[in-house]
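Multiple structures are listed underneath, in structure tokens.
Next come two complexes, and both contain chain A; in the first it sits with chain B, in the second with chain C.
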Partner chain A sequence: MEKPKGKPFLEILAASIHEDFRFPILEVFAFLYAISTFVLVQIGGGYTLSIAGSEESLAYSLVSIQMGTPLFIFLILIFKNVAYGFGSDLEKGTIQTLLAYPIKRHMILTAKMLSAIGISLAMFLGIQFFALYLIAPQTVANHMPIVITAYLASLSYPLLITAIMLLIAMKVRKGGTALVLGIVLYFAISMASGILTILYIFTGNATPLKILAIIQPSTALQFHYTQIGTLISQGQIETWTPSFSEALTYIAGGYCLVAAAYLISYYYFSRRLNI
Partner chain B sequence: MKRLSIALGRIGATLLAICLSLGILLLIPQASIGIPINGAEQLEPMSYSILTPLGPQATLTPETTLKMEFRTNSTLTVYLVNLPTEDIPKNLTSDKLRIFLKDKAGNVLLEKKIAEKETIEYTPAGMVRTTLILLNEESQTASAAWSMEILASIAPKARLAEAIIYLSPVGMVLAGQWIFIEIQERKRKSLS
Partner chain C sequence: MSSLIVVENLHKSYGKVKAVNGLSLQVREGSIMGLIGPNGAGKTTTIKAVLGLLKPDSGKVAVLGEDPWDNPKIRENIGVIYEKAYFPAHHRVLDYLKRVCRIYGVPEARALEVLRLVDLDAYDREIRGLSAGMLQKFEIAHALIHNPRLIIADEPASNLDPEARTKLLDLILRLHREANTTFLISSHILPELSRVCDSMAIISEGRVLASGPINELFERYSAKAVRISTDKPEAFAQELKKLPYVERISTDSRGVSIVTTEGMEPNIYEDAPKIARKIAAVIMGIELGTASLEQLYYKVVREKAGR
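The block that comes next holds the complex of A and B.
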């Protein structure tokens, strides 16, 4: 009797979910997501009230303020699952058990990523939209494309970091080392982003920001909605205010980078990784 | 079957964790923004008065609640409308005002009859311009004193409470069946 094709994939997925989200990891992270989502909106509440000119910019600022800390918590969960979890699988040899399944390597990686990223992402987005509908149902319903664009722009960077971390984990094959390198990479890019923003503010040259917007497309959207001036006289140098379509181009560019990084990871896992 | 029970149980436990966080948020009190505004009005029979609690250009966002306290010696109808003050005609009869508000039904955020002392709280679902109309439909002159303040909160308490009311029973049932099956399993193991 022929075995159903989906079964090994589901077995690996179930095993990965069991490993990544042991009780009470899922519950603790759900609690942290929910509480940080609301608390951050409160802190930004006065700010939103004073700067939001139109309901469209209110929708954007609501999403961007609400997303701040939960996005960082999402990254921590991804770091744990991808860098530490997958790295440990390679280090301890657990991955060999998975490779024994009658399934192609790229499907094994897909099951692992679905568990590590898919569930974390579903939980993150689920709580975010739930909170948005609790706080401002009308604003969210009226400006759904803006809300979705804001999430797409903000998630591109964490997904890129995850793909790079996955590659690092496969290369070093050690959970702890991969985690440390992932954290170093995250802070290095954060510092680079700060330096590029300061460069723009001090020189009035928008090129550093445009480079940053490819890696972090949320920058383009942020500058589209909130005009951040330079220290140079406003009369001489114009501030960078990308149009909405320009911001969308940066988002598309960002996801091309993400897709490329994942493709390299899949190729490496399928063809180059010797286990 | 066991896997399905575990999956549903974990979903239930996650819902309970979310309810716990919402419950904690409910305990955080609201904070008053700015200074409360007070005023008093004399309303002729079948007349109305237009008030702009936040000023003519200001808007109310979903993170804020407008708290209004009224004292009156008669019965008044309070309307909170999402319209700029200049769009509301000033010299209509009470009947014509009612027709006008019926035409603009989509902009009427709140309608409430008040008598003696009443407190009304309103939290918008989106960004709204708030203009208040006090309507006296009685045959004698009414005097009304009002006080208004804007409260900032983590999230609208009524909506938070509603979410907890709906989510927590679902979470309890889902997590409960999982715990029950786990206990049964342990008993069976200990017996064998």
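The block that comes next holds the complex of A and C.
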């Protein structure tokens, strides 16, 4: 008689969600998302309407203002889940238990990442889109591609840092260390971004900024819509105003980096990692 | 009878440290094999390679005919008991085992069955709240849930109290008898292994020094011990240590067991009365018998080391 089929992937996913979002983590983070999103909409909405030139830049500005703090909360949640969830599984040895089940290693990692990142992302985007439809339903409906592009551009950087943190967690096998290194990396790149923007403003040389835009594609979109160079240098220096398609190329480049980082993580976990 | 586990010329290093150095091993279906050796001998590395948790530098590992690294499907037939296991900490005991039932596709009622089998009644307690002994019982229940053909255990009784340890050994023997379950057990506690194992592999410095059915090993290494029953076992042992042909001595409250160089056992019959006179001890009896597993182990290690 053939053995009945088990559902190791779904069960490991469910177990991971149970651990990552045990009460009251999910509730607290959903509350924080909602509060920060709606407060930012209240504060930023009017301002956005007053400065935005075209309907398109209004849609972009609305998204980028509304996303600020919630994106940081999203980052905290996925960092916690990856470092303390997956990192601690490696550190303490829970992964040994999971590897005793009849499931491929990459499926275990997928279940873990779906729980760590997928649920957080669904919660973040769900509340964001709900708020957008409340504040400016017409603008959002008319410019959905821009709204989606803005989210894609902003999310690639946190996803990249998370992939790097995942690799660090696998290498050092210490959840706390992986978390600290991930946060340091995040702030280091954020600081570099600020410095490069200032350098660009003073020197007019956009090359470092273009390189940065691959890691942080939201930079390209930001320069496309707000034209910082033009505003500040008043035409005295060469300005970098990427076209929308150019910004899309940076976003694609950014996601190639994200994909590469996750592929390396998957390869390392599936083929190289000795437990 | 086929071999469920075949390890051939296994090599694994961690940096410059060679954990396993050309180890070969076979576990036949229906056997209970003990893996013994000192700390750092390579037992855990071997078990991890067998479970597909680490990739060997070279050599072959086959479990149920497949490479365990590439074929997780074989784990449907394997139960694992680690020395120190960690489970998702915030699950309740029964809930987690029900989840494991769903992982393997067995009826959820099996969860309660295995918990009763190991005498663990903290069904509603979170896993993180279990004591070390309870956690080990939970782990044993976890390993049995899908009625595996092969159970691989690394120090399965290290955290159990004597009563629970005896029950575990009984359970192993019962599963072996009723379901023909094959076991590979690594343990430091040699008396417990000698109770259940029918074959043995003695490991030192990453290689197998000797392996085979226990009876054969005792014969091959002429592992005999002389037992002297006396009222002063400790003093007797001190004097016996001075004899050049005495290799190993163990004492208990009622006497001394001695392993001698091969063929020198009769000398004890001459020397023991002299010692008794010297220390004013009474000898209640001297008899030649089979050495303990521990004595066999030390004999093999000494012989292989050329001492």
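The rule is simple: the second predicted complex is superposed on the first by the 260 of 275 C-alpha atoms of A that agree within 3 Å, B and C clash if a C-alpha of one lies under 4 Å from a C-alpha of the other, contacts with A are read in each partner's own complex, and residues count from 1 in each chain.
Rule of thumb we're sticking to: contacts are C-beta pairs under 8 Å (C-beta built on N, C-alpha and C of every residue); 3 or more make two chains touch, one makes a residue touch a chain.
Quick caveat, the model's predicted, so the values are computed rather than measured.
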Chain A as common anchor, with chain B and chain C clashing or fitting: fit
Which superposed partner A:14 touches (first chain B, second chain C, both, neither): both
Superposed model, angle subtended at chain A by chain C and chain B (C-alpha, nearest 10 degrees): 130
First (chain B), second (chain C), both or neither touched by A:176: neither
Touched partner set for A:58, first chain B, second chain C, both or neither: first
First, second, both or neither for A:31, with chain B first and chain C second: first
Touched partner set for A:145, first chain B, second chain C, both or neither: neither
First, second, both or neither for A:194, with chain B first and chain C second: neither
Partner chain in contact with A:127 - chain B first, chain C second, else both or neither: first
Least C-alpha distance (whole Å) that remains between chain C and chain B when both complexes are overlaid: 8
Shared chain A contacts, counted only where both chain B and chain C touch the same residue: 14
Contact footprint of chain B on chain A as seen in their complex: 14, 21, 23-24, 26-28, 30-31, 34-35, 38-39, 41-42, 45-46, 48-49, 52, 55, 58, 62, 123, 127, 130-131, 134-139, 142
Residues of chain C that touch chain A when the two form their complex: 48, 51-55, 72-76, 78, 80, 82, 84-91, 96, 99-100, 102-106, 142
Contact footprint of chain A on chain B as seen in their complex: 3, 10, 13-14, 16-18, 20-22, 24-25, 28, 33, 61-64, 124-127, 152-156, 159-160, 163
Residues of chain A defined as touching chain C within the complex: 3-8, 11-12, 14-16, 18-19, 22, 92-94, 96-97, 99-105, 271-272, 274-275
